[in-house]
Structure formats: C-alpha cells, structure tokens
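Two complexes, one shared chain (subunit A), two partners (subunit B, subunit C).
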Partner chain A sequence: MRLGRHEVVLEPRPAPPAGYAVLTAAVAILAALALASALFLSADASPAAAYRAIFSYAFLNPHGLAATVQRSIYLLFCTYAFLVPFRAGLWNIGLPGQVYAGGLAAFAVPLLVWREPTGAPSPALVIGLMVAAAAVAGATTGGIAGILRARFQVNEILVTMMLNSILFWVVAYMVKEGGPFMGATAEGESFTLPAPLRPPLWWGVPFTAVVALGAAALLDLLFARAALGYRIRAFGASPAAARYGGISPAAISLLVFLIGGALAGVAGYHTFAAIPGVHKIPGNYGYYGDLGFYGMISALIARGSALGAIPIAVLFGGLSLGARFAQGALRLPFGVDYALLGLLMMTFIGSHVLHAFRVVWRRRGTAVADAAPTGAPGT
Partner chain B sequence: MEPVLAARGITKRFPGVLALDHVDLEVAGGEIHAVLGQNGAGKTTLMNVLFGLVQPDEGVLYLHGRPVEVRSPHDALARGIGMVHQTRRLVAAHTVLENVVLGHPRVRGVLNLRDARLEVSALCRRYGVALDLGARVWQLSEGERQWVEILKALYRGARVLILDEPTSVLTPPEAAALLAGLRAMVRGEGVTVLLVTHKLPTVMAACDRVTVLRAGRVVARLRTAEATEDLLVRHMVGRDVAPGPPGRSGAPGRRVLEVEDLACLGDRGLAALRGVTFALREGEILGVAGVTGNGQEELAHVLAGLRPATAGRILLDGRDITHLPPRARWTLGVGYIPAERVEVASIGAFSLVDNTALTYHFDPAFVRRGLLDDAGLAALTRRIMDGFDVKAPHPYARARQLSGGNLQKMILGRVLSRAPRVLVAHLPTQGLDVEATAFVRARLRDAAAGGAAVVLISEDLDEILALGDWVAPIYEGRFVARLARAQADAETVGAMMAGLRREEAAAG
Partner chain C sequence: MWELAVRSLEVSAILLLAALGELIGQRSGVLNVGIEGLMLFGGTVAFMVTQATEQFPLGFAAALATGALLGGAHAFFSITLRGDQVVSGMGLWVLSFGLTTFLGSPYAGPLGLGRIGGLAGLPPFFLFGVLLVAAVWFLLFRTGPGLAIRSAGENPAAALAAGIPVAAIRYVCVVTGGVLGALAGAVYTLSYNPVWNYNFIMGWGFVSLALVFFSMWNPWILLAGASLFGLMWQLSLSPELVLPGILSRYVWRTLPFAITIPILVVISTPWFRARWGLAKPEALGQPDT
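For the complex of A and B:
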C-alpha cells in the first residue's frame, strides 16, 4: 500500500520467535472480543455485562463449567477427526455424518443386546461395545470417502459432504419417522439410554475425557516420532515424493479416513450417550453435528498440533455455551453466539498472516534516488 | 556504441545473502549479450531486476542513456523490455495465436482474433519465425514453444529480449536453430538480446559479448571472439576444473539387471514404452540418450515401480520384480534418482533428516517399535552431507533452503547410501553448474565401480558418451540400437535420437 512518499508492505517473517504463536492467538482473541463489543452495543447491551455473563457462565458457574468441559471433549474428538486426514493433505468435511453414524451405532448396541429386567450382559461390557460400535461406524463412514479417494481419486470433500446429508436423513428416519430408535413418547427423539448404561462420572466428567486426552498425546507422538506418522506427513506434504519413497497413496488415504472417522464416531458416542442429562439422540441433533465443524477450525488454528488444540477447543466450547446463555439472560438478538464464534474464527485466521508476515513501514524509492547522482552513465 | 540497456551499481540483498554486489552491465544495441555464471551467481536476480520483478536496494538502470525506474514487468514491457522465462508460461490447450495475444494490454474485454492474426503473422514474417498460429501449444515441441514465448514478447513491443536459460530444455538441433534465429533477428531487425545461461557452448556459438558473474559480482567482461571455453570456466568457477577421468568403470561382473521386452503406458493412456530389452552387469553404465518425451520418464518409472508394466519382465539378480511396489524395490536394491528433484525426490518443507527418512522409513535399521530412529537418521544425514559435500547450515535445515546443486548432491548421497544394486538416474545433472555436474558424474562412475549397474537417462549426449559403457538411443519408446561405447560417436547417436535406424544413421 502506498501513502505518498511512504509505503506499507507485508514482509515474510524469516523465523517467528518461539512463543509468538501464543501471543498472536491472544491478540486474535482480544480483537474478536473487541469487534463483538460493537455487536452488543448495537443491541443496547453493555459489552462488559455481556462478557461477564458469557465468561462467568462458561467457566465459573458449576453447571456452565461442566457443560463447557463436555462440549470441549466433543469438539476435541471432532478436531482430531479432521486433523488426522488433514496431516495427509486430505479434508474431512464429514464430521457431522461420522458423528451421526457413531451415535446411531452406539444406540443400536443396547437395542440389540440389552435385556431390561435381568440387566444382562454386564453394563460395563455393553458400554464398551457401544464405544467400539461408534468407532467402527464412524470409521466405516469415513472409510467410504477414503476408499473412493484411494481407488478412484474421487474428491474426498464432495464425498464426505454428501455423506453428511445422507446420514442426517438416516438419523431423521431412525429417530423421527418410524425407525427402530424412536422414543416411546414419539417426540421426535430417540429412546433414552437405560440408567445402567449411562457411564459413571467423576466430578461430572465421563471417561471419554481420558480417551480424548489420550488420543491427543498419541497423535502428537504419532506425528512427531512414528514411522506411520512420517508417512502420513510425507504424503500430505508431497504425494509424488511420498510415492517415490515407497509410501502407498491408497493405503494412506484409506487409513487416515478410518482413523478420523473412528474418532468422529466416538465423538458421536460421547455427545449422545455419555453427557449427563442427554443420553439420547435429541430432535435437534443437527445442531450438534454442525458444532463439529468447530473441530475443523480448532485443528487449523492449532496448526496440526493435537495438544495445542485443547485450549482452542475449550475456548470454542465455552464461548458457544456462554454466548447462548448470555443471549437468553440479557435478551440479546438471536444468533449472537454464532456471530461471536464467527468473528473469533476470522481473527484467528487473520492472526496467521500476522504470524507469518510482519508489517513494514518505509520510505519509497530511497535507494534509487540516492544512487542516481553518483552513477551517471558516460553519455 | 551507446548502450541500449545499462545497469550501474546494482546491489540486492536478500535475508542473509548478498545476491548482487554493485553489478554493472552494458548491453549494446543489436548484439547478443550473454550473462554467464554458475547457479547462485546472481544471474536470475539480475534479470529479475531488469524486468522489474525485483527492486534493487541500490543502483540505477539506464535505457538509451536515461535513468529509468522499472517497478514492475508492466513497466518493463512498456519500455520495450521483454522476458522469456526458463519455465514456459503458456496455456497448453490454446492456440499459438491465443497465447501470443493473451494478456496484451489491448486485449481487455473484446478479443479481435482476426486483426490479431494479421498483426502476428506480419510479425512472424518480419522476424522470420515459422509457426502455425492455429496449432495448439501442447502439440508443439519445446523449441517451438520457446518461439511462442519470444513472439509473445515481440508482440508486446519488446526491442530488448531477456532469455533465461533458453537452451536448457532443447535438443542440440533445436538449440542451434534457436540461436540461429536469434542471430537473424538481431542482425536484420536490430533487436537486442540478453541471454542468461551457464552453458558455455551456447555462449560461444551465439553471443557477441559476455559478462561473467560469480557470487553476485561481475568478474569479467569479454568479447566471445577473444574468449575460450577454458577461460570462461576459470572466470565462472574462480579456478580450474579438472575433467573427470575418462570412461571405463572397472571390469564388469555378474549380470544384475535384465529387462525383457518391457512396455508401459504414458500419462495419456497411450503406449509410451514399446518393448525395451537390455541387460546390465555389475559395474556397467547404460546411457539412454533421447529427446524429451520418447519414453525416458516412463522407462525410469517402470524400473522404479512407479508405473505398471503392460508387458515384459524386469529381473534383478535373476528375481522377477516386474510387479513389486516401490518400497519392495528400494529394499531389494533398486535406487532411483528422478529428474524432478524438487517435486519428487525431496520434500521442500521437510528437514534434511526427514528427507533422508524418505527412503528409510521402512528400514528395520531405522525403525524401532514403529518409531523412527531420529538420532540414527540425523547421523546418516550428517554422513551424507560430509561425504557428498552438501553445503547446508545443519541437518535440520529445510530442503527448500538448498540450492539445486546441493539438493541434488543430497539426493544422490541418500540414494547411494542404500548401496543399490541398480541405480536409475534420470537427468542427474540437468540445471547443475559445472562443478556440481562434475561431482555428480564422478559419483555415478564411483557407484558403478562399486558394483552397481547404472541406467543413466540423459539428453546430454556428451554426458552419455563420457559415462556410458553402453549407449542406447531411445526413440518413440524403443531403443533404436544398443551400441558399445567404442562404436558410438556423437553423429550416429544424434541421428538415432532423431529416429534414424542404424543403417540410415551410418549412411547419413
């Protein structure tokens, strides 16, 4: 950009200092909050009051905090479901579909094996089966995209998106339109999980939290040290070079979608079967599916780091709940929560520019002007 | 004579590098002026300064004696300076005419192809360019595509043409034709040509004067009539380069590689390799000589396992490997150096250590319990860097930070570190400077002396004749002949590369 004799340019930053990533993320969050203030002001609400409501509900209120933790676990599974194919250069846009598949499979297990009066087989076994079924169903759904990519080079973005639609309507049939999962009251929801099959809680948190944290540590180890992780990264960075190095593109494409799909399937188990007070596939299951897309954003912002995605998922989880609460409490207009998350997304993406480039302000054409008098040609 | 284009005291710094250090350049009207230098000497930066792609930190450009500021390629074209880049920037599916007029400032909105055709064909007649304006670019040879680029610059009104390595992808006859055409344009129409190259024959054959760059400085300004190739090499390199020892890479041993009637398809699904048969013993180098697109890439791919064979067999030490995937071939001892060192043989965003892992991630010696042995790979990378004279700050530097020559040495070192039984090297010295080329050739010879069977696929006939024990000219997917080095001379092999059979080649 030129301003008279001066110009402002973006120059690539040769080596961003350590800790700079955290600093730019903090700047992004503050910028988003500042921008959202305008939103609250336009609704005649005090930004301070709005933020107090949002943050105190999301992170201080016991109910809100529990909900934030539950939602963060869900978002983390979705984050990793996107992250694994992403490291291979593939885009898993099928998080909602894989979540639905996982949820349905989890609920199919008690339908098939649980016998109410006797309580057999043992609840722990059934819960284990539910998680496994959710993972397998998610992996299968993801695997469809993976195998089409591997065998026929079909674009995985299109396939996963279409599968989202297909599974959305499969769930609709199952829980609303006469399918076997319908609840007894026919309120457009699935049946409620029998009490013994609701997983135990520690301080309000189910075991899935451990699974999510374990997955984070394992994924970071996989991509930092393991031969398999190396193959995935190499394929993501350069498919041609990976093939040259004896890495099978088909095997990697399929594998990352199986892993990603399985993680999204577990997200489906967690959100429909493990969160206290839910324990069913609710009528507005589409809301949870769409929420899964914030997993994509978390993975992108964390630049592929699984542990690094944790604070981001917690922030998105907390803000989505807190803003929804503030909307009710302060009578803010509908959609304030989406607007806040959207702004945050944009400032995060903007912060990537700030991370990779620096803004330079300098005088234009000084070099040429200085050199001209001394270097006159011999004419 | 008044210089048409002059640069005085041009200095350009990039982070950590002084690319150009007070460079002066004078190009007289109506001459072909060469800018000669090794890779990294600053040739490309200087050209980019002249064409407005890079702004110098110091120094001034003069056009017809007047100082000018060239802030963009648009500026440069408006002042009559045109550039033909080393990589083609043409739309393959469009016609020659459409490519020539594409992007012309007058062609905004309505495109009047009939008027444009008249103008462009007039231009062709005037400059003696023989091109079918209706032909699609993908149908043209590399030499013809080069002319399309030149025509495009002329159509924009360029009177000073900057050509970056114009002969690097051309066959010897195409290169000769290009240079002759340029001479005619310069003589007849007073166009001025600035030719950037590291190829001595090109300079000696076509240029009037030459400016030699080394490490960002001008080290010599000469008339080519008064220069010799040896003198230019000394200026370029800064010292004498000893020629490698002549031919013969040790007594051949056991038969390592047997290829029988091998065929495969190209990317478009057409037959690309149509039955190639040869055998190689330990210590032998087979030089496959040909013009781009006669099945060389497919031959390399099918030997490396990157492309399925549609017919024939490949035997390694008597074992049929025709249908084995790439990883199995690496393990059994087939090493491959692809022509695309940046796109295929390395990963620019990865560290050198991670690049080494490209052919070790499956090797039990470097993988324990599924985890890569990072320390072992780093040590191996250091050994390759030392053994192959790779100039890089440290083993964790990104591959994209390396110059072409250093990258190729790194790749060569990595492939040879697996001690392959068979080494397939495709265009191993393309685009490398004199020193790196000599280094790579010596190492290929060493590999053969160490017992490898080497398939050297090259377009550089001198290279083939210098290294090969056997010479196989390839044309349209077949070996025209398989000659012992003693029977192969440049004329015969050159004729065979153009598709002439043995008898015809001998008669011609």
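For the complex of A and C:
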C-alpha cells in the first residue's frame, strides 16, 4: 500500500519470536470476545451482564462447571482429530461425520453383544468394546478421505464434507422412524444405554478425561520427538521436499486421517455414551456434531500444540455452554455460541496475519535488496 | 413430474450460480473453498432484508452487496496479503456459519410473501444461469479480458511480464465469485425454499466446489453437471416418484453426497488427469509472485 513517498508492506516473518504464538492466541480470543459485545448490544443486552452470565454459569455454577468439563473433553478429542491431519497440511473438516460414526458404532456394540438379564459379558468388556468400535468407525470414516487423498489426490475437504452429510442422514435413519437404534419409548432418538454400561465416574468425570489428557501428551511427544511426527510435520511444511527426503506422501495422508478419525470417533463415544444424563443419541445430534467445529478452531489457535489446546478447549467448552445459558437468561437470539465460533475464526485469521507477517513502513525505492528474485545468479 | 423437473432446475440454478462464480475466481488463480459461507451469508441477509421490507429486489441487492464484501475480504487476504487461500476460505465459511446462525434466528420461519413467478413455466434463475454460462464462456474463451483472466490463473509471472494487471484481475474475479455465491444463497432463501433455518444450505456450497472440479473449468460442462445434480437432489427428496417403498427416505438423502465422492475419484485418477487434466489453472491456489 502506498502513502505518498512511503509505503506500507507486509513481510513474511521467517521465524516468529518466542512466546508470540501464545500472544497471538490470546489476542485472537480476546478480540473475538470484544466483537461479541456488538452482538449482545444488537440484542439490547448489556455485554457486561452477558459475560457475567456466561462465565459464572460455565465456571462457577456446579452444574455448569460439570457440563463444561464434559464438553471440554469432547472438544479436546475433536481438536486432536483436526490437529493431526493439519500437521500434515490436510484439512479434516469431517469431524461431525466421524463423531456420528463413532457414536453409531458405540451403540451397535450393546445391541449385538449385551444380554440384559444375565449381565454377560462383563460391563467393563462391553464398554471397552464400545470405545474400540467408536475409534474404528471414526478411523474408517476418516480413512476414506485419507486413502482417496493418498491414492488419487482427491480433495480431502470435499470428501470429508460429503461424508458429514452422508453420516448425518445415516444417523437419522438409525434413530428415527423405526430405525434399528430407535428408543422403545421415545420417537426420534436412540435407545438409552442400560445402566451397567454407563461408564463409572470419578468426581463426576468418566475415564475419557484421562484418555483425552494422555492423548495430548502423546501427540505432543509424537510431533516433538518421534520420527513419525517429524515425517508428518515435514510433509505438512513441504510435500515436495518431504517426498524428495524419502517420505511417502500416500502413507502419511492415510495415517493422519486414520489417527484423526479414530480420535473423533472416541469423541462420539464420549459425547453420546459417557456423559452422565445423556447415554443416548439425542434427536438434536446435529448440534453436537456441529460443535465439533470448535475443535477445528481450537487446534488452529493452539497452532498445532495438543497440550496448548487444553486451556483453549476448556475455555471454548465453557463459552459455548455459557452462551446457551445466557441465551435463555437474557433472552438473546439463538446461536450466540455459533456466532462466537464464527468470530473466533475471523480473529484467528487476523492474528494469523500478525503471526506470519510483520508490518514494514519504509520510503519507496529502498525495498529490493533483501528480496532478490529467485533464480538470480549467485544466490 | 413437471413439478419435479421445475424444482430440480431451481436446485441446478442455485448450484450453477455459485459454481460459476467459483469457476471465474479459479480461472484467475484464486481458490475459494468457502462458497458455503457465501451462500449462507447471502441467503440470510437476503431473507432478513426481504422480510423487513417486503421487497424482493432489496433482498437480492443486499445479498449482492454482502457477497461483494465477503469476496473482497477473501481477495484481500489471498491477493494483497498473499495468505493461504484455503485458510481464508475455511475462515469465510466458519465465520458465515456462526454469524448467520445468530443474525438469522430472529427471522427463523417462513418468509410469508408470495412466490417469485416463473418465465413460461420455467424457473427464471435457471434461465439467467444459462445466459450467464454463455456469457462467461464467451468472455473467458473469446475475448481479450478473458485471455488475461486465464493467463493470471495459468502463469501469473508471465502475465505480469506481459503487462497484465494480475492482482487487479484477480480482485475483480474473486469479488464476482463472491457476488454470484451470495446470489445463489439468496435464490435459495427467497425462491427455492423460503423458510429460514440455521445452516439451511447443508453442504451445497461444497457440492458447488466439487462441480467446478468436475467441470474441468468449462462453463458448459458445469451447466450439465449442475443440471444432473439438481435432478438427483430433487429425486432424493421424493424417491417415491421412481422407486416407491424401497429404502428409508433418510437413506435416499445420502445419495447425492454419496455419488459425488466416486465422481471426484474418477476425475482425480491418473488416466483422467492425463487425458483432460490440462484444463486445471496451473497457478490455482498460488499467490502471484
């Protein structure tokens, strides 16, 4: 951009300063919250009252806090499901579809193996099978996008999005209008899990919390220390260079989608089968699926760090729940939680620009030396 | 049957308009994966304005302005800032998905106005779409500006050296794409299904993107693809017209999406690419030097 004899340009930062990732993440989140004030004002609500309602419900109210923890676990799995392919430069926007696949597979297990009065096989075994089935189903769904990307270079964004729509209707078929999973008493939702198959709780939290935290540590270790993690990162940074370095693009594309899909499948198990008081695939399962996109934004804001995503996912879990509560309490229009998601995406892109570029202000005609054209002799 | 044909042409028109906008942008070298967002935002704003003013033209005008704004934002990020075009497009989609859910919810429900009439029994937007296909084909392949657009998408460095203002051309094309995407959304909410619901477009934006790849960046093939998909969509809504009583209606709803995946695979095979793959703009997704 030119201003008189000066010009303002954006120059790529070769290596952003340390701590900059945290700073830009904080800026993105705070800016989104500030922009959300405009939404509250447009609905004739005081932003201060709205934020007080959101945060006090999500983090201080005992019911709200318990729900925040459950939702954070769900969002964390979704975050990893997006994050692993993203480290390889691939977009897994199939989170809802993989979550549905995981939920359906988890509910298929008791239908197939659990016999009510005898209580055999042991509930622990059935629960284990449910988690495994959810992971396999999620991995299979993700794997379709992965293998098509690996084998034929089919755009993974399109395939995962098509799978979202397909799985959405498959769930409808399974739980509605006399579908195989339909509840005995309730039209439009699945059967409720028998009490012995509901996972035990410690301080109100199911075992999936431990899995989620453990997965974060494992993933960060994978990307920081393991050869496989290095290959994924190298492929993400430059597919051509990685291929030259002997890394198989096909294997990486398939693998990241299998891992990501499995994690999203476990998210489906958690949200439909493990959260106290739910234990079924509800009629509004589409809402839970779409919430998975919060995982996408928290992975982006955390810049690929799984441990770094934990506070972000907890915050987003609380915000999305608190926003629903504030909607009712302050009579705001529906969709504050989704609006916040959209604003976060916008401010993330803004912060991404600040992260990747620096603004340079200089006199015109002095620019060139450091930006020698490629292919110039001697460079 | 006639009703089915008319409705399916309306679906085709919506997909065609959105995809044609994307085709123009991609021909100039800019990928916008956020068509879904353009359609959601255009459709929601059109619905809000039309319901408030009871004037269809105002609703369409508001959608066009929204589309220009969103297209401009995508252009700024991907052309001026040379950012990653997929990041920007994804951002456009999630932003629109989130904001329209909030903005539109007070207006949820039917539009409550009469339907937009047809021309000789045919949906007017489909006829407009066909005219636009002819115009875009003529522009791209028979005029100087069209050659400039294509060269910006094939080899921006060479185009620049030949004196073609690559950045300006890309801006115009991407903003045009934004306008057409938003118009497609407005046709959905004002004509095809005038009942606002959150995330009403349900993946059609991504289908439009798939159609552009399928079309090999040729407007006439795009027209054929959009027409076929429109018919398939409408049949999936009322399968009893062809196969009464077979399979649940929910299973039929998966069909249009399930068919899209193998089509994407076929056009991605080495065999297909070797024969027809040259149509892809060489510099698609890359910033100009």
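The definition used in the following text is that the second predicted complex is superposed on the first by the 334 of 379 C-alpha atoms of A that agree within 3 Å, B and C clash if a C-alpha of one lies under 4 Å from a C-alpha of the other, contacts with A are read in each partner's own complex, and residues count from 1 in each chain.
Going forward, a contact is a pair of C-beta atoms (placed from the backbone, for glycine too) under 8 Å apart; a residue touches a chain by one contact, two chains touch by 3 or more.
As the structure is a computational prediction, the values presented were derived from the model and not from experiment.
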Which superposed partner A:Arg243 touches (first subunit B, second subunit C, both, neither): first
Which superposed partner A:Gly19 touches (first subunit B, second subunit C, both, neither): neither
Subunit A residues touched by each partner, larger count belonging to subunit B or subunit C: C
Partner chain in contact with A:Ile297 - subunit B first, subunit C second, else both or neither: second
Touching partner for A:Pro62 - first (subunit B), second (subunit C), both, neither: neither
First, second, both or neither for A:Ala227, with subunit B first and subunit C second: first
Contact residues of subunit A, present in both the subunit B and the subunit C interface: none
Of all residues in subunit A, those that touch subunit C in their complex: 10, 39, 91, 93, 144, 148, 152-155, 157-159, 161-166, 169-170, 172-173, 176-177, 179, 290, 293, 296-297, 333-336, 338-343, 345-346, 348-349, 352-353, 356-357
Touching residues (chain side subunit B, partner subunit A) in the complex: 2-3, 6, 8-9, 15, 55-60, 62, 65, 67, 69, 304, 306, 325-330, 336, 338, 340, 343-350, 354, 357-359, 361-362, 367, 370-372, 374
Partner subunit A, residues of subunit C touching it in the complex: 33, 77, 81, 83, 86-88, 90-91, 94-99, 101-106, 108, 198-199, 202-203, 206, 209-210, 213, 248, 250-251, 253-254, 257-258, 260-261, 264-265, 268-269
Touching residues on subunit A, where the partner in the complex is subunit B: 14, 225-228, 230-231, 233-234, 237-238, 240-248, 365, 367-368, 370-372, 374-375, 377, 379
